[in-house]
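By letter and in written order, the chains are A, B, C and D; residue numbering begins at 1 in each of them.
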Amino acid sequence: MDEGIQREALVATLAAIADRIESEKDHLTDLDSAIGDADHGANLHRGFQAALDGADPDDDPAAFVKAAGMALLSKVGGASGPLYGGSLAVASSEFEEGITTESSVAFAEAYLEKVKDRGGASVGDKTMVDALTPAVHTYKRAIEVDDLDPLAALSKAVDATERGVRFTTPIRASKGRASYLGWRSVGHPDPGATSTLYLLEEIHDVAAE
Amino acid sequence: MDEGIQREALVATLAAIADRIESEKDHLTDLDSAIGDADHGANLHRGFQAALDGADPDDDPAAFVKAAGMALLSKVGGASGPLYGGSLAVASSEFEEGITTESSVAFAEAYLEKVKDRGGASVGDKTMVDALTPAVHTYKRAIEVDDLDPLAALSKAVDATERGVRFTTPIRASKGRASYLGWRSVGHPDPGATSTLYLLEEIHDVAAE
Amino acid sequence: MKKLINEPEDVVDEMLEGMVAAHPEYVRRLEGTNVLVRADAPVEGMVGIVSGGGSGHEPTHAGYLGEGMLTGAAAGEVFTSPTADQLQGMIAACEGGAGVLCVVKNYEGDVMNFETAIELAELEGETDVEYVVVDDDVAVEDSLYTSGRRGVCGTILVHKIAGAAAARGDDLSEVKRLAEKVVDGVGTMGMALTSCTTPEKGEPTFDLPDDEIELGIGIHGEPGVERTDVMGADAVAEHLTERVLEDLDLAEGARVATIVNGMGATPLMELYVVNRRVQELLDERGFDVGECWVGDYMTSLDMAGCSVTVLELDEELEELLGAPADTPALTVRGD
Amino acid sequence: MKKLINEPEDVVDEMLEGMVAAHPEYVRRLEGTNVLVRADAPVEGMVGIVSGGGSGHEPTHAGYLGEGMLTGAAAGEVFTSPTADQLQGMIAACEGGAGVLCVVKNYEGDVMNFETAIELAELEGETDVEYVVVDDDVAVEDSLYTSGRRGVCGTILVHKIAGAAAARGDDLSEVKRLAEKVVDGVGTMGMALTSCTTPEKGEPTFDLPDDEIELGIGIHGEPGVERTDVMGADAVAEHLTERVLEDLDLAEGARVATIVNGMGATPLMELYVVNRRVQELLDERGFDVGECWVGDYMTSLDMAGCSVTVLELDEELEELLGAPADTPALTVRGD
């Protein structure tokens, strides 16, 4: 992909995500009401709006993603702020040589790593990690083992993410506010896993255009 | 009336009043909710219960009525405490020579006088004075001008009281908590006038037996 | 209705027990009564400052017992004035040889019971008893057609200033003069988002639809003087403050104290949002704010809403307002 | 939902403006942030004590800014931890040359943002920054299956004791040792009669039928750990106190401090009714209560309910708890 097109694609992706979060804001907050503190929608909306407002289309990809991460870090707050924002900011360095198929895999891995590191959650704790892990594993395998192109790989990753979100519903939370509920957390999907799915869906849809 | 019978009648009257107030407690409180502070029923119930509990059937009439007044004074609180209790206590002295037709008129007048004195209300202010004034005036006229017997006079007084209560509904309050409402007090009967009617009805009914 | 109570008829008694258990160094209970007095009452040679009224306004009254404020506080049933005999007992227990000042909120029940108590006290030879009647509620017209303005949150300022004057050794007539000066210079206007629910009744005293508020509400769940559509915090702050200022008619550049008071169920967050606009407005009008209190001072059970109080200050009032006080609900270091 | 606010998204900003307007002698705002610091921060030579967290818990945190308590307080959005950059700015503004102690409530959001802030501060050369994590909520098991116990009302005691230690000149490691001692010896258990309603959402976070209550509730409108039928105040007091005592496992005859804390919409009257039974119970068990606080210390917007906190005291903690403090929300004369 040529650099100009990459930049446009990044701006379009960020805009699509911000839009999507806006329209899902109340839904995310409802999910967080059931097993958390009813702010996940507002948190992410505030953050992505700020990221979009502050985005500089002339930035190179690494700088662009890093700026978005820093904006989330300083606007979202809560648990999802350092997780979404900090991880984006750190993983952005994988794009320093530009966005390629390989660097996109490295980025995905670095992002997942940082989320797990900062939050200390593993798969099965009923957090965004449950959505991210199948997404990243599936993406990496589709590219490296199955030799699919990035768009087809992304499409598989979205399917995998969805299964991750559905997986969070029947299990008991061991991390995040939902863990305070003990067994009462069973039966509700995790808000952060759900918002992770929305992000991936938007990344996929913009890439498909 | 012989003294023993008078004493029994007084105890029976107090018991009937306490009973009646108990059964009208919620209604009186509802009336006080509309234009006051929702405690008139509870206030009078507490007071008459205490008066009944403390009543000594061996007291002479003046002492008996005075004790009831003091019990109200120390248990009712609010505006109705000093009005009901203090006025009973003061007017009780009219019974020092026993309860006779004449002393009952003097008692009624003294009671009305003390209520007006302590509370500073006149007819038309939408208070218990609006119920008491026609009661006392009618009773006095029935006895002194029409030569009716006390029971017949009481019966007329009850009718008059009822009209007094009805009169309080369409007027604006100028005394008591209801006066804070200004024109919004119009359309509601006064709680203290209503409880005054109940008292008179019970006095009449016991006398009729 | 859900409340943290046991039996409704025990609520005042149990609350008082809970207060004594919490603050034994500040308060003690006169046996067999619902009167609390300072732990060290009567204070030898000091004018006793006593107050009282219906319960349901906590921390009023007993929360203000202590050095520099109240000597005695009588608790009536919820929203019902205490009875005359209990008030008389309180007066006797607070007489330290320099007389007693009763601070009475202007409700017929309170006034009549205090008057009766003072008559009873005089019969017992207690002749140095005076009273002031606080009527700061500007929502209610003071006319032939009302029983006068109600006493509401401004009462706390009377307690503070009279209490400080008594503490420094002023005599009864001087303490009374200062208390009356506060009464003359203070105005309050309140509003409610919701009704309150008394323990006895167990249902809201009045119904207030979700899109309406009451202006000019008192502190007893009496309906207000006007019902309007919901307004934002700024509009509420403006309405209340304007009404108080109109009534007080202060000199330009006057120095004032303010209270933004919560009605019991209002988050402190919201009171500060209201205070923001109140202070902005006073500043725009060129008034100079010497003391600014924000919190729950005079509540109405679980009512949501607030009131705004403004007191005109002069040097002597400001000094007394800032003087030390040490009570469960209000502590002023005063240095 | 009716609230005394303007636009939901402005509520934190406007609340902070209202606080500064009310208490300019205590607090100032770091420009462009939602951080308030003591008016005189940084205090030369004193360990800075900073805290922060989501808004909606007022008077926590900024209400405790002042002599003998907090040096800085960061306000996040409602129930949302403040962001790392603001926390870092606060740490820098409170560094008076003796280091800074961060008092963090145990929520993943708070901990992660504070940790990020400390990393950022270290990058700027601020190396003397320590933190303690308060996790006093005994309702939540501390196990592999939870993110640890929550930090709730016990945090106020950490502020008080660490603040007093800093004020008398203790160094950073000593202040931290004392703060950790409080964390080790404090337990809290809460309950709710009603949910709270966040300004953003405008509807109760959870539904609670009229005949049920939630036990083990946190301070963010999270549902509690158990739902039961309505209980009277005594039964609630017993349940909460027992759970805390079980967890603390105190020595016989231990000396303790207690807080009966309101969740924001609970009348003070009811808190005293609860306190009555709490004190009775502690007395029955032979514990000796050194300090007893009743009021709204750590709230949850407009939630109705309460929590009970017990802290084990020893001589040094009791001395610091009783030491002078002068803040908008808590004043201790300390003489």
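Here is the rule we use: contacts are C-beta pairs under 8 Å (C-beta built on N, C-alpha and C of every residue); 3 or more make two chains touch, one makes a residue touch a chain.
Chain labels with UniProt names: C, D = Dihydroxyacetone kinase subunit DhaK.
Nothing here was measured: the structure is a model prediction, and the numbers come from that model.
Between chain A and chain B, the least number of touching-chain steps is 3. If you take chain B and chain C together, no chain is in touch with both. Between chain B and chain D, the centres computed from C-alpha atoms are 55 Å apart. Here the spacing of chain C and chain D, counted between their Cα centres, is 29 Å. Distance between chain centres (mean CA atoms), chain A to chain D: 32 Å. Residues of chain C in contact with two or more other chains: none.
Screening every pair of chains for touch gives A-D, B-C, C-D.
Against chain B, in their complex, chain C makes its touches with residues 54, 76-86, 107-109, 112-113, 115-116, 139-141, 144-147, 150, 198, 200-201, 205-206, 218, 220-223, 225.
Residues 29, 33-39, 42-43, 46, 73-83, 86, 118-119, 172, 174-177, 179-182, 184 of chain A are the ones touching chain D in the complex. Within the complex, the chain D residues that touch chain C are 1-7, 11, 14-19, 21-23, 55-56, 58-59, 63, 193-194, 210, 213, 230, 232-234, 236, 260, 264-277, 279-280, 292-294, 296, 299, 301-302, 304-306, 324, 326, 328, 331-333.
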